[in-house]
Amino acid sequence: MHLPPQLAGVPSLWRARYETVRRRTLALAEPLSDEDCGAQSMPDASPIKWHLAHTTWFFETFILERMEEGYTPFHPAFRVLFNSYYNGVGEKHPRPQRGLLTRPSMAQVRAYRADVDHRIARLADSVRDAAQAQELGALLTLGMQHEQQHQELMLTDVKHLLAQNLLLPAYQEGALAAAAPAAPLAWQACDGGMVEIGHDGDGFSFDNELPRHPQYVAPFALASRLVTNGEYLAFIEAGGYDDPALWLAEGWDWVRSNGLRHPLYWRRGDGDGHGDGTGDWREFTLRGAQPLDLARPVTHVSLFEADAYAHWAGARLPTEAEWELAARAADVETGWLHPAGAEAGDGDGHDGQALSQLFGHCWQWTSSSYAAYPGYRAAPGALGEYNGKFMVNQYVLRGSSCATPAGHARASYRNFFPASARWQFTGIRLARLP
Amino acid sequence: MHLPPQLAGVPSLWRARYETVRRRTLALAEPLSDEDCGAQSMPDASPIKWHLAHTTWFFETFILERMEEGYTPFHPAFRVLFNSYYNGVGEKHPRPQRGLLTRPSMAQVRAYRADVDHRIARLADSVRDAAQAQELGALLTLGMQHEQQHQELMLTDVKHLLAQNLLLPAYQEGALAAAAPAAPLAWQACDGGMVEIGHDGDGFSFDNELPRHPQYVAPFALASRLVTNGEYLAFIEAGGYDDPALWLAEGWDWVRSNGLRHPLYWRRGDGDGHGDGTGDWREFTLRGAQPLDLARPVTHVSLFEADAYAHWAGARLPTEAEWELAARAADVETGWLHPAGAEAGDGDGHDGQALSQLFGHCWQWTSSSYAAYPGYRAAPGALGEYNGKFMVNQYVLRGSSCATPAGHARASYRNFFPASARWQFTGIRLARLP
Amino acid sequence: MHLPPQLAGVPSLWRARYETVRRRTLALAEPLSDEDCGAQSMPDASPIKWHLAHTTWFFETFILERMEEGYTPFHPAFRVLFNSYYNGVGEKHPRPQRGLLTRPSMAQVRAYRADVDHRIARLADSVRDAAQAQELGALLTLGMQHEQQHQELMLTDVKHLLAQNLLLPAYQEGALAAAAPAAPLAWQACDGGMVEIGHDGDGFSFDNELPRHPQYVAPFALASRLVTNGEYLAFIEAGGYDDPALWLAEGWDWVRSNGLRHPLYWRRGDGDGHGDGTGDWREFTLRGAQPLDLARPVTHVSLFEADAYAHWAGARLPTEAEWELAARAADVETGWLHPAGAEAGDGDGHDGQALSQLFGHCWQWTSSSYAAYPGYRAAPGALGEYNGKFMVNQYVLRGSSCATPAGHARASYRNFFPASARWQFTGIRLARLP
Amino acid sequence: MHLPPQLAGVPSLWRARYETVRRRTLALAEPLSDEDCGAQSMPDASPIKWHLAHTTWFFETFILERMEEGYTPFHPAFRVLFNSYYNGVGEKHPRPQRGLLTRPSMAQVRAYRADVDHRIARLADSVRDAAQAQELGALLTLGMQHEQQHQELMLTDVKHLLAQNLLLPAYQEGALAAAAPAAPLAWQACDGGMVEIGHDGDGFSFDNELPRHPQYVAPFALASRLVTNGEYLAFIEAGGYDDPALWLAEGWDWVRSNGLRHPLYWRRGDGDGHGDGTGDWREFTLRGAQPLDLARPVTHVSLFEADAYAHWAGARLPTEAEWELAARAADVETGWLHPAGAEAGDGDGHDGQALSQLFGHCWQWTSSSYAAYPGYRAAPGALGEYNGKFMVNQYVLRGSSCATPAGHARASYRNFFPASARWQFTGIRLARLP
């Protein structure tokens, strides 16, 4: 992982950040009962309680166990119960059975969090030298970034859980504000060329964003905004789920064998959750079932659906390099990003603001398989299992979603999920030739 | 169902019984947290909270909905959420997803129970005539018997849940008392002949115990007690799980494909729950992991294991008619039950006490497939789904277990489970020629 | 097994029978190509070539290996390749992969048959004494009965195979003769009482038909003929496959999860095999697709379907004892079988012919789970695996079918299949109170 | 597809090639019986007979149906039976049931081939103009390339089939010649830089090799030869299959859940095919079981195994661009390919021969997910399903194997299979930093 060097030697700064991150995790669990926090709706999702404990396990295992003098574990069994996937740490409680861990209780998990927080603070106070400060800072930062990732998962997982219940309970009260009408879709062209891809600068990044490396990108154009619910509904109504010519072969098998007809949380009709009615569409949200807002970006679609939609719309999904390039251009005035249709290369008068909804709405599927950047090397030891071992049969998503913690995302960030995943806040941004 | 006639017209008696049964259900949940009560360890088991709600749903659906004036449901969705398997009542929440019902909360389910209890009491107060009293008495009695069945399931289901947890938490505190040494196994012979099988007398019975009917039973002998852990361990140590000649073909496939080597809750070694050690045997119980008590009856074995053990021991499992006959004889001094080896028919000096552990230890597998008695007719309507539709591919168990509520069992009682079921308190009583 | 004593010491008689049986097996394969003989349509079915080899393996393993001087196997690998389920003989080629045995070729399997036939004849010539003649006679008889069972399976298995092919090829040429109109269904009453069930007399029987034993049977009535296609079609048209109240719970799950709407080989419409048309019904037969003959007995139905039909028709399935009793009565004029409605016990003027279609049409599902008769003991050694180890989760069928070899069936014969099996010639005879 | 322009207007040339290709397909089936040709060992593989028919169906469907005057199908059902995966053509016989098509017979399929060959020849004779010649030439070429792909599949599929048989029959007689000792592994460095990737020149290519496009490739080194059996055995003996740290997470799950310990066709011990012995290693080949030749390239490994081996060896798999670049360099003397360790860019004295085993041994796994090249467009209509719809969750293999027809491979050729596929002739070439 890449530690921001300015952090080294500023324990007070870590501590403030640490407290903020840890407090927010608990705040996310606030609207939920202990019962809500224990259930696991599917093997891919985890109970809220498990997230609370696992993020704590991460600090205990990778910081306290290494650096705390006279370390003894909070509870020896927690090493197994809350290990997610680190073979280097040892045995793991089976993932599909995380919802069966009614013990430890939520109260015990909160106590676990408090204990580890206390010991982390004590450890930070006792830092002896710059090298140790550097190591602690790097690990704390990684742990905080890790916890932020779980903050997003807590929201996607609890949404999936609540959606299984006929009562369709809301995580938060209050209706969703209606979205402003979507702007007309425009195409932002990019000349491409030899560019640098991957993280740069001083900030934190995960190892999978490195090394920054040269890459050639052919000219392309990117849609100025995400595909809306209304546009996706037109695809459905045009028979999109019935036409194999639009789908990847594996996607078509997936659609057929699962009997799919719409995004994960859409329901048709009278809001009774059965979807067999004929009335209007509704969508289950963290605020409960809501009328489908046609202006909002479509979300909770798989790569298969995103690809079929793009095919139907006469476009394609972007590569992750295209996305990163455009996002960086949108962020930093560069001049080489310009509206499609303008002559290539004139470069004047075009600014990045023309690309909207890059961050904070939905993760955006790319056509790029999740793979190592040239020269990538995983960290030694169990921490090396963080990212590298998942680099097969997954696809990269870029941007961030409404559930991503503020400050967590960046242009080089690589999220990844299997092509059939739908319970994340996943959406569609189109690309095409300029 | 068969209503005890003496109950008709004695609402005060029903109410006392009703309160006792309902209170005991809540008492069983007392040692558990709300988190414990929400989890479902496998599709065959249900969460405690679901049991609390479903037993209440039974009274609401089959009594209040029929008999209460101006009936309105406590919550319309509960009709679906807590319907177990009654197609006649309508839709059902999917059984494998009962553990995802974090709403309603335990508090709401307790309120549901209190509300229904209150309305049942009011209904009992308002009984107008003997016919209505008769109907209400019959349905209340059925509901109470149903709830008692669920009381046993609550214990078997929570045991299964806690066993999935590496912490092996105890439902109850305190070590198990050591069992007294098992008496030597003796054989009680029975002449058989033309007998009556099925419920008789004035007490309650389920429809599957009726009609009482004549049956011919050949002479047989029944083991005086259940097979012990020690005896079953000898079977294991003799290679019982490695010799296909001892097993039914389907049982052998089941043993192999599941890699089974011992009863469900036995663990070998150091008590770490992994069972890969070489030390002594332990058994997970409602009081947590305990040293295996060789004198206690073996329990949590499938029909396949019971049958293989019997084969190995040179015996067989009894039929359900043999068991009922012997149990009745043990209960009522008849003279025709006598130790094997005595001459047939002399009939003197032998009493039923010679058969021990008929009730209150383990349900005893029989070789009898669960089928309708000659002339059986299910009740009309949804209540007819109570028993009859399960009469295929299940085997009858007789007796009762340590988890069966006092007063619930009787000689004619027919419990039934698939041949591979192990999470119930199931044990082995042998039979053979006299 | 029960050897007909009159056979002992008459090798010439065995040899004539042996040749007849073995020749008929080959004749059944005559209309088929080598390609047809190699394929396996599902794990429950076997290729014709495998049947030809396995029946030969049976004689080689259980006779030549025991009794032939200087025995050497025809091919050592055949011991494994053509062992069906005898753990006592050793390893087995995996059942679902029998269709992958393109070697040995059909020619080699024919040579295997000829070699074993030659050695069996030589062995019969060399019999030294009555004891050896007795042993050989018993084993030869068993082997021939075994081969006759496989003769029926060859027809059911090849029918299933051909039905998977869009071309719907016929095993035999020529249209089916139209059945005569079905006689009106009448009810034949039987007083029951204490009767003897199981094989008696001098002829051969399998061990599962023994011991003959006393049993009490309550009065009942049996349908005079099998349920016809026309009657079953009425059940379908009345919504039989849509009403859970008619079905066993496991049967309903089976119907729903497999999307079943009709017997196995029925197809609707234009005969294109897709069953999505709206026209008339057709049925795939050994003579290819044919118009559905409403007068013929319905066949290729599961126990679940048979039970649901009986439920819908206000009747039930017979027990195996009822069936055997009635069949014996129909066979032998006894006087105690009489039309329902006539006074019980008058006994005059009623003959067995009133029960038609007992043999030679369809195997008839009973409500009896396949279990050991009281006092049953399997043979020692591998031959003991013939029947006993299958006595769980299967149901008894009585009678015989159009595919059963002449002379193979008898009143005490117990066929058995799982409740969901449909590829056998299985049909429905109803029973009810007299 | 990309038609070689020099072919246009030279029907006689097509016809010679067509006859050669078609004749070779039949020749590949020559050592096999009709029984061998009908069986299907797994859903991924197809029967030889099906390959013979499907390749013919391709010419009939995509040429005769379009271009033949008065076209009538050879058999209407063949359109469905021998359609592999073209939704645009209509219904398909289910892939896992191809082994059940005992009809049409091999003789009928040969007649089908002859008929289509005759009609193709007649069509070629009747070509009216250059445009028609161009179209016919393009389609014929595609059909021939398609048939060559199936020629390779015939060998991999029949090998897989024969390996399921305890008899381990050989496709060809005679022992394998011992391989010459493997040369020491050397590293060939390549400077990379901006290069063109994808097919160029006049010859045929599939659409997935186009468009040729610029790409930046960082400097790298490629192993001079494939990984040998001996090297792979060292990986096994070092515990490679027991160390999760070497594996992709999905690969580790795959290894564990399938209990894998070695390449697909390796067997340990006494050659009895059970692999439970302790003796030397043997390998099943098209010439039957043979002693494992340590000098030959390891083959029949999955991407997961290839990646784990590379990890263990301190290297990585090449990208497909790296492989193509190096192969092109090896083919055409360019000067920029040089042994690793030599100074970069000196370019002298190094020739392509230094890279051996590029073609004709094993397909070589790359780390590249199978994806569209920038600007890729599938052909319109059903032929567009040839390649594009498979571009997800598959990995590219480069080179060719011992089973690839002569002249079929080229440097830009993109083969692709899922990461777990092992029944193809797949091997390992390592890459690393130069």
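Lettered A, B, C and D in written order, each chain numbered from 1.
In this section, a residue touches a chain if its C-beta (ideal position, glycine included) is under 8 Å from a C-beta of that chain, and two chains touch if they have at least 3 such contacts.
Please read all numbers here as calculations on a predicted model, not as lab measurements.
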item	value
Both-way neighbours, i.e. chains that touch chain D and touch chain C	none
Chain separated most widely from chain C, comparing mean CA positions	A
Distance between chain centroids, defined by C-alpha means - chain A, chain B (Å)	48
Inter-chain centre distance, chain A versus chain C - centres from mean C-alpha coordinates, in Å	59
Whole-Å gap between the CA centroids of chain A and chain D	37
Inter-chain touch pairs (all)	A-B, A-D, B-C, C-D
Residues of chain C that touch chain B when the two form their complex	85, 87-88, 194, 213-216, 218, 244-245, 247-252, 303-304, 307, 316, 367-369, 371-372, 374-375, 384-385, 389-393, 419, 433
In the complex with chain C, residue positions of chain D that touch it	33-39, 41, 49, 77, 80-81, 93, 97, 99-106, 161-162, 164-167, 169
